[in-house]
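Two complexes come next, and they have one chain in common, chain A, joined by chain B in the first and chain C in the second.
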Partner chain A sequence: MKKTIKPYIMLLPAMTIFFGIFVAGLSMTFLQSLGYFPAIGLREFTLNHYKEVLTDHGFLTSLRFSLWIAFVSSSISVVLGVLLAYSIVNSKHKKGLEEIVYKLPVIVPHVVAALLVYNILGQSGILARMAYALGVISQQSEFPALLFDKNGIGIILAYVWKGTPFIAMVVYTVLSNMNNKLSEVALNLGATNKQVFWHVLIPLTMPSIFSSFIIIFAFSFGAYEVPFLIGPTAPRALPVQAYAEYMNPDWSHRPYTMTINMVLTFISFLCIWVYYKIFKLLNKYNG
Partner chain B sequence: MIKGKKTIMRKIILFLLIAGLIFNLAGCSQEAVVAGGNEDLLEKSWKSILEEAEGTEISFYGWGGSQMTNDWLDNFLVPRLKEEYNITLNRVPMDIDQVLNKLLGEKQMNVTGTADVIWINGENFSTARSNDLLYGPFTHKLPNFNQYIDAESVEVKYDFGFPVEGYEAPYGKAQFVLVYDEARVEQVPKGHEELMELVKNNPGKFTYPAPPDFTGSAFIRNIIYDIVGYEQFITMEADKEVIAKAIQPAMDYLKELKPYLWRNGETYPATIAQLDNMYADHEVFMSMNYNPNEAAARIKTGEFPRTTNTFVFEKGTIGNTHFLAIPDNAPNKAGALAVIDFILSVEAQASKYNPDNWGDLPVLDNTRLSDSERVIFDDIQIGEGALPQHILLDHRVPEMPANFVPIIEEIWMENIL
Partner chain C sequence: MNKRNRTLSSFIMHIMILLLILPLLVLVAWSFSKSWPWPNLFPREFGLRGILHVLDPSSRALKSLLLSIRLSLVVTIVTLIISIPAAKALGVYNFKGKQFIKMLVLAPIIVPPVAVGMGIHLTFIRLGLANRFTGVVLVHLIPCLPYGIRILTDVFEIIGESMEQQARVLGANSIQTFTNITLPLIAPGLISAGSLVFIVSFSQYFLTFLIGGGRIITFPMMMFPYIQSGDRMMASAYSMVFILATLVVLIMMEKAIKSYYSAKNYFYL
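Presenting the complex of A and B:
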């Protein structure tokens, strides 16, 4: 008994903070989304806000936009990341490449990534200036509008820049720790490099590819700063929409905001659940 | 067996944590307890308030998005307060809506806060007042307020149509101006019609920040005033349908303008900072500002071209007063009173008005100044590209009631986006 309880007691300080902040915040959000917010005099429980939010055209457009950004940017990151990891594993100057290619973007914060994309791809950015200087375009506004656009190209590029090295890092670790007997056997039996890649390496790394996909998907779905800085005015990404609602000086609006947050949270939990399932699968493979 | 034990243990611990949490929440819902000494402070003499403030620290929370503003606080106010009252002022840059959310959170937890003085106005003040987040009324206690401020003037009595009732003291005045590049704009528009013509003749060269950006929102209200006048809004009820009907002509105007805006109006800059950058980069030929001296400051720093100038519409542009308030849970109210009183002195207001420092319009009543005090203000040279005070004051119209602002922003989103 003593032994079993000891780790829990030692974890208690950390867990108190975690549950205190996380669970308390979540339960407050949930209560407020139901219309219970005594600090500003709202005391009635209702489901109306959910009904209102889930049928609201603006909300649905934002949701679709956020899902689109998260899905496209994560998919591109996965493809590029796997290729990158594979080429690093096969490269002769492993150490140097590793350091430069993925460590730097992983460290750089998302706000800085947004700023970089803004400075490079904006209509008054570096590329536009170069094109202008070379005479390719005669006016800055002729440069293709990659930022603040309705398809979220700028946002997707920023996320790809951040996501690719992350995927590469995860996949590279798995690839380099993998028992390469299997690949060698395959090669001995006459498989081409391409076949080894598709039939040996990819299936073995699939669980980690999936779980890292989920991580960056959940992140780019729920993050605020990149779509705020380089996203279009409409449709707004869901987190930007939630923030704008939260900042509405009319506090009777608050339950509406919290409903949006609950939807965001629900989708994030869904991601965690999928991640958990994949993790179990991964353990089955290893064990 | 061991596994079963673990699960039970886990459940017990989870239960304990949740139980703790519920106690926590129950604690929060208790009625607020008034911190001791609040009532007494306003009964005390000014002298003993100053004695109490001596040697303390105060935290000044306010918008920190302008270097000029921050510099004035750091380079003038901080050292002068130290000399005068031995008060240490900590400037905390934070947007007012975030400050309010912080105060609201603190109110829920029923704790003493960290902010002593907050820079506030408009719909944020009305939100703070209607949720009992502010301390007061306190302005009648301030010697400089009683001596130099016209307490009966509309701009001191009301903040965006909301009665001030002594819960905030005026800090400075601002007025909306349009910023343009003389080298690229041939004819300065006198009003909305000329602006439409100008933009149609130069597609893609004009835009405005999307609400809820403060300046973009003010631009929309200016257009509304220019088209349907401002008088009707003073008595109008804050009902979305009524407002929507009244401002329909302005929405039609903005809709007509939209295809000629930057990027065909498909997207708008999210902040005034972004629009200013686009103006500095020559992407657009006009910008706008709620601080009439900001453009002059940016010419000086070299961010804006030297050919930058400002103008107001013939029918006028919106002006407002910004204020200072004390949160109800402020830890150092005596210090806060001393600081606010000092900011209302001739010395501080004149230093703030000087465009070398900040360029914020003073709030003192000119008729209450002595001749020697008036000379101090008259001697200040306004910056290149800034409009003189009398032109601004002659073209100044009042702000809308605060609760109209979010409604108008909503209508804009539904109609224009």
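Presenting the complex of A and C:
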């Protein structure tokens, strides 16, 4: 008897926090999105807010914008991160400074990543100054507005700058702990380097690439700071939109805000589920 | 691996690392500049005004930096204390509902913080936790716990329970087993989990801002307005100090844990 409840007791503190804050917070958001908000006397459940949100043009453009940013930035980060990890493993003779230096962006907060992009891509940033020095442009305003733009180029670059080293770190750890013999066997049997990369290294690192993609995708889809600082005012990224609605002094507006939050949460899960399915399918074919 | 391939890899690696580091060099240049008007490629005058302002004992910046460090250290310690037993349960034992709990533990990484934060905000206000240090620590646990539990679960899966059982058989009580066997064995995991948790908490903006209600002003919150208003010099100076402070705390944390446990055991490293 004592043995069977032991793990539950050990999990108790963590579960108290998870249920007390995380599940409770999310449930409250859910209840309010259904129109149940006793604090202002709303007690009737309704799906009207969902109908309203899901047919709202502004919401839909924000949603598309957020998905675009998250998908493009995470995909680029994965490609670059794998390339970086692979090239470090491949070119390494001994533990060098490179191994520490590339991790620097991991400790830099997203707020600062936004500033870095602003310093470089802004119309008075370094790139614009270089273009001026080279005579490509004759004044600031001729430099393309890459920040606050509708395609979210600045936001995407900020996330790529943060995401690439993160992916590289994870993949590098797996690659360097991996048994070298597998690649050597393949090479001995006549495989080319390219074949070793695609048929040995990539399948073996796939699970960790997969889970780190999820982490950075979900993060860039749900985070507030970067799109708030260097994103356009229209369309706003969904988390920025949600906070703007939350600040509405009229509390009867609250259910609408919470509906945005629920859709945001739901889509995060949906994307992960779809990605998981695709991943499984691909893995089946890889044998 | 042939030589040509190695050179190519080395070339790609250096280019990519350079691209990652260059923005930080621009940041350093800005934080030490006094005037850097358009369209100069380099600052016209260098100066320490920005850095000195941040480090000035009378400014609010230093105060909020210390508050931030204290907050994130408390969050890190609480996270580790909660994570160790949870990770051991998940890593070593089999029990009903294990898969569900493993998924639940990772859920905060997927769910946007805006959704959880706004949901719990009113409850925190009613409980008197909002606008308070304690409240901010509690809400930071949500993004931090998944990392702490996940990393330590992996560690416990690798080391298993045999060493601890051996100690118990030889007559050690549970406290002795924990401090003399378990802790030294998981020390490397504690360093990586602790570092990551510290970084997550130290960089946190939104949840601190929402639950802190403008009363608990951490360092990322101090620099936000400078970035927003486009004051590059001040924003860069704040960022530089932030990055250096993170490095110092991380190095000290690692040193502390390493020196404490390497004296006691022979398994480690």
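Basically, the second predicted complex is superposed on the first by the 257 of 287 C-alpha atoms of A that agree within 3 Å, B and C clash if a C-alpha of one lies under 4 Å from a C-alpha of the other, contacts with A are read in each partner's own complex, and residues count from 1 in each chain.
We adopt the following convention: a residue touches a chain if its C-beta (ideal position, glycine included) is under 8 Å from a C-beta of that chain, and two chains touch if they have at least 3 such contacts.
Please read all numbers here as calculations on a predicted model, not as lab measurements.
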item	value
Which of chain B and chain C A:T29 touches, first, second, both or neither	second
First (chain B), second (chain C), both or neither touched by A:P38	first
Which of chain B and chain C A:N261 touches, first, second, both or neither	second
Partner chain(s) touched by A:D149 [first = chain B, second = chain C, both, neither]	first
Superposition-derived comparison: chain B or chain C, residues of chain A touched	C
Which of chain B and chain C A:F166 touches, first, second, both or neither	neither
First (chain B), second (chain C), both or neither touched by A:F59	neither
Touched partner set for A:L229, first chain B, second chain C, both or neither	both
Chain B versus chain C as contact partner of A:D250, first or second or both or neither	first
Which superposed partner A:L83 touches (first chain B, second chain C, both, neither)	second
On chain A, positions contacted by chain B and by chain C	4, 8, 15, 23-24, 27-28, 39, 124, 140, 229, 246
Of chain A, residues touching chain C in the complex	4, 6-8, 10-11, 13-15, 17-18, 21-30, 32, 39, 80, 83-84, 86-88, 90-91, 98, 101-102, 104-112, 114-120, 122, 124, 126, 128-130, 132-133, 140, 161, 164-165, 193, 214-215, 218-219, 221-225, 229, 239, 242-243, 246, 257-258, 261-262, 264-265, 268-269, 272
Touching residues on chain B, where the partner in the complex is chain A	2, 5-6, 9-10, 13, 17-18, 20-21, 24-25, 29, 97-98, 100-101, 104, 107-108, 122-124, 126-127, 131, 204, 210, 212, 263, 266-268, 270, 278, 281-283, 402-403, 405-406, 413, 417
Chain C - residues contacting chain A, complex	1-2, 5-7, 9-10, 12-14, 16-17, 20-21, 23-24, 26-27, 30, 38-41, 81-83, 85-86, 88-90, 93, 95, 98, 101, 104-105, 107-120, 122-123, 138-139, 141-142, 145, 149, 199, 202-203, 205-206, 220, 223-224, 227-228, 230, 232, 235-236, 239, 242-243, 246-247, 250
Chain B-touching residues of chain A, taken from the complex the two chains share	1, 4-5, 8, 12, 15-16, 19-20, 23-24, 27-28, 38-40, 58, 123-124, 140-141, 145, 148-150, 228-229, 231-234, 244, 246-251, 253
